[in-house]
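Scrolling down, you'll hit the structures one after another.
Presented sequentially are two complexes of chain A, the first with chain B as partner and the second with chain C.
Here is the complex of A and B:
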């Protein structure tokens, strides 16, 4: 934009000043944009933000409100009628949904495993075990694959007459119906999820290690600390923020990104044993045409995530302080 | 860097085993895809006697993989361009400009990060239905942009914060207005971040199955990942062809990973550390 546009914006010189030198005029002109452009300048941040805000408002916050409101209305015959907490009561009577909540509990129990594996591996890579450079990229690669691809691959490996059972048979162990046994299937799906995602957490841990003060480790070594001692007294406290972050994101990942695996590997079966709230929502909405009930399940999922997130943050804070 | 020496080799063995466990499923799938059906039934583990590309051809021709590939490519490309455009505009405003309400608006964008898709999917499907956007490219693109925009804004904001204000002041003195600064300074300087965030977003959109399953119901509009799920039913007794279909869908991502793993990992790390 040409600078000369600023010319007319200069205030008339005060009456007492008669020396009105040109440099005097230059000062306000340089500092700010022209008066005509002033308003445009002030509005510019809002213009730049407008598309993003519009999309977020219309397609994220508005649906969130709509969904909560929706969860208090009826399905089918009672479409659009307010039904109070009926949907929620029905949800908690539904064995499928209760199973989904039980599986959330299972995820919470398995969470430390899902965090400890990448944490330990990142520690070893940071301490430069032989081949550490290679491991970083090898471990990370499943994280870029779609859950659908991962699920399909493990469907092949875990089929009843598939290679995994053939391997077990080779060492004299009976075949296991990995995806057909209600007591086993959920563990298998979670295991595959961990297999597919620990690389993400690993990279996050490594980023945390990059901020670690190496002299602390040297000091620990000089003092003759063992590896477990070093991890407990040096690494864990120093990486508390990273650990906290990984805990929360891993939990959120387990609650919200296993749909692809569930869809491909088990479709919620056998006997509804692999339902998670997210799969339940999709099933009620897409297959059974029960959007209001699905909205109630969505609201419950949202509350679970809030509680889990806040709880983890406060628990971890305390744990780290005591460590 | 410290070289701590505690039992390095003791640790190295399980790590190697795990690396093998990470890679083997894919190697297995590639091998199966190259085998004949008969060979697979006779021995699951044996190496393919020759490269039987015909499985790939069968998978490619059977369920309209080409069509799905085009759908996915178009939707992902447009989504990523819009994400980067809107994300960098917002990130520039939030990081470098001073204006009334900026911190509230930043909190709004951040809060959106904590609204998972599963929580809004039912009303979103209804909104899309009411506006005639279900089963259309624009509908799916909008859904992806809405889904990944908070993350994009967040990363672009933290990246742009690292650009010194002097550069922007100098550009202003040279006569640029805000939009000129965005176009001539922020966009070029933001290239590394745009690349990382763009690749991550492309991966997220490409790998998604839930959103496209929900918003693109008709067979013709399926994205590649939804297409793969329909292969399963069709080839339940022809595993090599099924594996070939899976491979076709995995190859683009694997190629990208081979070339850009650094950027991908950096993007993930940046998302974690900039918090």
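Here is the complex of A and C:
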């Protein structure tokens, strides 16, 4: 196709020539263009979008639709039969699923801790504590480890007769069944998840620090501000957008990426105390052969993520407006 | 924001109104291809199964030289998840390996009844019940799975106990445990209950010391009286072993496979309820507890009238998918996989007690000889009769019983409700 014929609809209108020569004979050629050509021009953007839309419809929307679809059918003897909201009623009557939802709430409550740890450490690195370069590498290192490896390492460390309890014994404290006590296990798994993932949040914080106005810190120093005062009155306000971003991404990570750790460290136990919706879905589908019930649980998780996503968008928009 | 919320609500409403179809999928789609059989299992990747498979393949090739067989070894942890997905897609393998009991019964509607094809093997092999549902057989048994109580003879000797005469009653067993711990520092029972499997083994192994033979038969036949004092006694016994500190420490955070077996092998515990096939069995232990030092005992009598015996069922077996193109050929492959010659190799290399009990095991040592002798009077394992859902609940309740957060009465009540719901 000649270059001057390409995408005529998006080219600026001819402004005429400045050398006094008449413009080229475009008008007759436009007149000669068939009606179909204009239609093709109108359709062109849609044709260009079609592959992406098809991929989205086939690989995203359709599986989602199927999943929701299956959640209204039965399992086992009732396979393929419409059962209305039976699966949802069973889900909310199941103490295990209710426990999994409670654990989602617990994760949200523990979120400030998961954000504060990388935030504080990034602050120390930015303020150049001795050995800050080493710390930066060490803190980031677990982010490149698979959750399975991390889980296996902590299984050894936290075993009842493992080194952690040996240390406790050394200082005269009794052993703790870190992964076998239902009141403790979920906090331990979340703690390990934070340990394994805060490196990425730390990098985001350091990127945020790169945009921080150093003169503000100098001014604070000149005014005799202490470290806590500097953090509270200079660093936190300057990094508010970064903090909110880390808040949101950490929340999503905690809700969707803990399966590997749970599988390796506790298998949902003890007493079902470390179940999360993802683990519940996997267990119902794979181990108990209940795909329809698992689909219902997936739909509930999808709705939770939808709400979280909408809150996230709202939070980010507000942050941008306030900035 | 408002527009986004509206769109989200529209999306959810559309999805919610779309109900039709089946999560289990259509199971009529054909799988495999002409002249080829695909087999899924979790054993064919193991070196100890190499000779077994070689013999089975050779046997099948003699009968069907024009059919190719492809074995696909799947990781065991993910096996039933992957298989479930394949079954739902209706495009799974032609032949597949199963554990006996709930795992195969839950998926029987995707399998072909094999009674007509395997009729000739009925007498030679044992353990069929674990692969049977509603009177139809869905797999040919390869191994037997049971739950012998193994003990460490060396620890008995160190404690001044007679290794040839382990306890036959519960009070005697508890007394021996106290002596063992006092004299050797070892705990009595190596228990791993992280996944909630410990209670299954305990129910089947020690349950035979509580139930009368009639109660065992009724339980297996589905006539389970959860209000019976003997049922409660088994769960109370489970709790007592913990309260009396007979179990290894941190049971709820110790995995059975392979941590609790490692505790037994390293002589940190004197007894373990183990297996007969796959892992956690006599051959697995032999690196540290040699054949001569490994004892096998029946459950001690807890309630007078009980007749302790070896709980066992069919262990693993191969079934045929409903959608296979030529069921006769696929069933012939199952017959080759359960042939005497192949099973001999499986016993010799992997140590599994084969479903063909005519195989000579005299070279395996005293523990194996005892186990095989006990097969004559053994009864099906009590836990295998329960559904996967009830077993899962029992696992969680067993952890609650150990930690004291649920009473025996409450646990039994919940189990009864789950069992009756089916």
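One rule holds for everything that comes next: the second predicted complex is superposed on the first by the 251 of 323 C-alpha atoms of A that agree within 3 Å, B and C clash if a C-alpha of one lies under 4 Å from a C-alpha of the other, contacts with A are read in each partner's own complex, and residues count from 1 in each chain.
Operating definition for what follows: contacts are C-beta pairs under 8 Å (C-beta built on N, C-alpha and C of every residue); 3 or more make two chains touch, one makes a residue touch a chain.
Note that the coordinates shown come from a computational prediction; the quantities given were computed from them, not determined experimentally.
Enquirer: Going by the contact rule set out at the top, does A:177 touch chain B (first), chain C (second), both, or neither?
Expert: In the superposition, A:177 contacts chain C only.
Enquirer: Is A:73 contacted by the first partner chain B, the second partner chain C, both or neither?
Expert: Second partner only, chain C.
Enquirer: Let me test your reading of the model: by the given contact rule, A:286 touches which partner, first (chain B), second (chain C), both or neither?
Expert: Both partners, chain B and chain C.
Enquirer: Give the label of whichever partner, chain B or chain C, reaches more residues of chain A.
Expert: B
Enquirer: Going by the contact rule set out at the top, does A:253 touch chain B (first), chain C (second), both, or neither?
Expert: Neither partner.
Enquirer: Determine, under the contact definition given at the top, whether A:310 touches first (chain B), second (chain C), both, or neither.
Expert: second
Enquirer: Kindly classify A:269 by the partners it touches after superposition: chain B alone (first), chain C alone (second), both, or neither?
Expert: A:269: touches chain C, not chain B.
Enquirer: Once the shared chain is lined up, is A:191 touching chain B (first), chain C (second), both, or neither of them?
Expert: In the superposed model, A:191 contacts neither chain B nor chain C.
Enquirer: Regarding the shared-chain residue A:237, is it in contact with chain B (first), chain C (second), both, or neither?
Expert: Neither partner.
Enquirer: Show me the chain A residues, by the header's touch rule, that chain B contacts in one structure and chain C contacts in the other.
Expert: Residues common to the chain A contacts of chain C and of chain B are 64, 66, 70, 282, 285-286, 291, 294-295, 299, listed in rising order.
Enquirer: Which of the residues in chain A come into contact with chain B in the complex?
Expert: Those residues of chain A that touch chain B are 1-3, 30, 33, 37, 40-42, 44-46, 48-49, 51-53, 55-56, 58-64, 66-67, 70, 121, 124, 127-131, 134-149, 152-157, 162-163, 166, 195, 199-200, 203-204, 206-208, 211, 214, 217-218, 221, 226-227, 230, 241-242, 245-246, 249, 252, 255-256, 259-260, 263-264, 277-278, 281-282, 285-286, 291, 294-295, 298-299, 301-302, 305, 309.
Enquirer: How about chain A: which of its residues touch chain C in the complex?
Expert: Where chain A meets chain C, its residues are 64-66, 68-73, 75-76, 79-80, 82, 84, 96, 158-161, 175, 177-182, 185, 266-267, 269-272, 282-283, 285-289, 291-292, 294-295, 299, 303, 306, 310, 313-314, 317.
Enquirer: List the residues on chain B that touch chain A in their complex, please.
Expert: That would be residues 1-4, 6-9, 11-12, 15-16, 18-19, 21-23, 25-26, 28-29, 32, 44-45, 85-87, 89-90, 92-94, 97, 99, 102, 105, 108-109, 112, 114-127, 142-143, 145-146, 149-150, 153, 172-173, 175-180, 182, 203, 206-210, 213-214, 225-226, 228-229, 231-232, 239, 242-243, 246, 249-250, 253-254, 256-257, 261, 264-265, 268-270, 272-273, 275 of chain B.
Enquirer: Residues of chain C touching chain A in their complex?
Expert: Contact set of chain C toward chain A: 1, 4-5, 8, 12, 14-16, 18-24, 78, 80-82, 84-85, 88, 106-107, 109, 194-196, 249-254, 388-389, 392, 395-396, 399-400, 403, 405.
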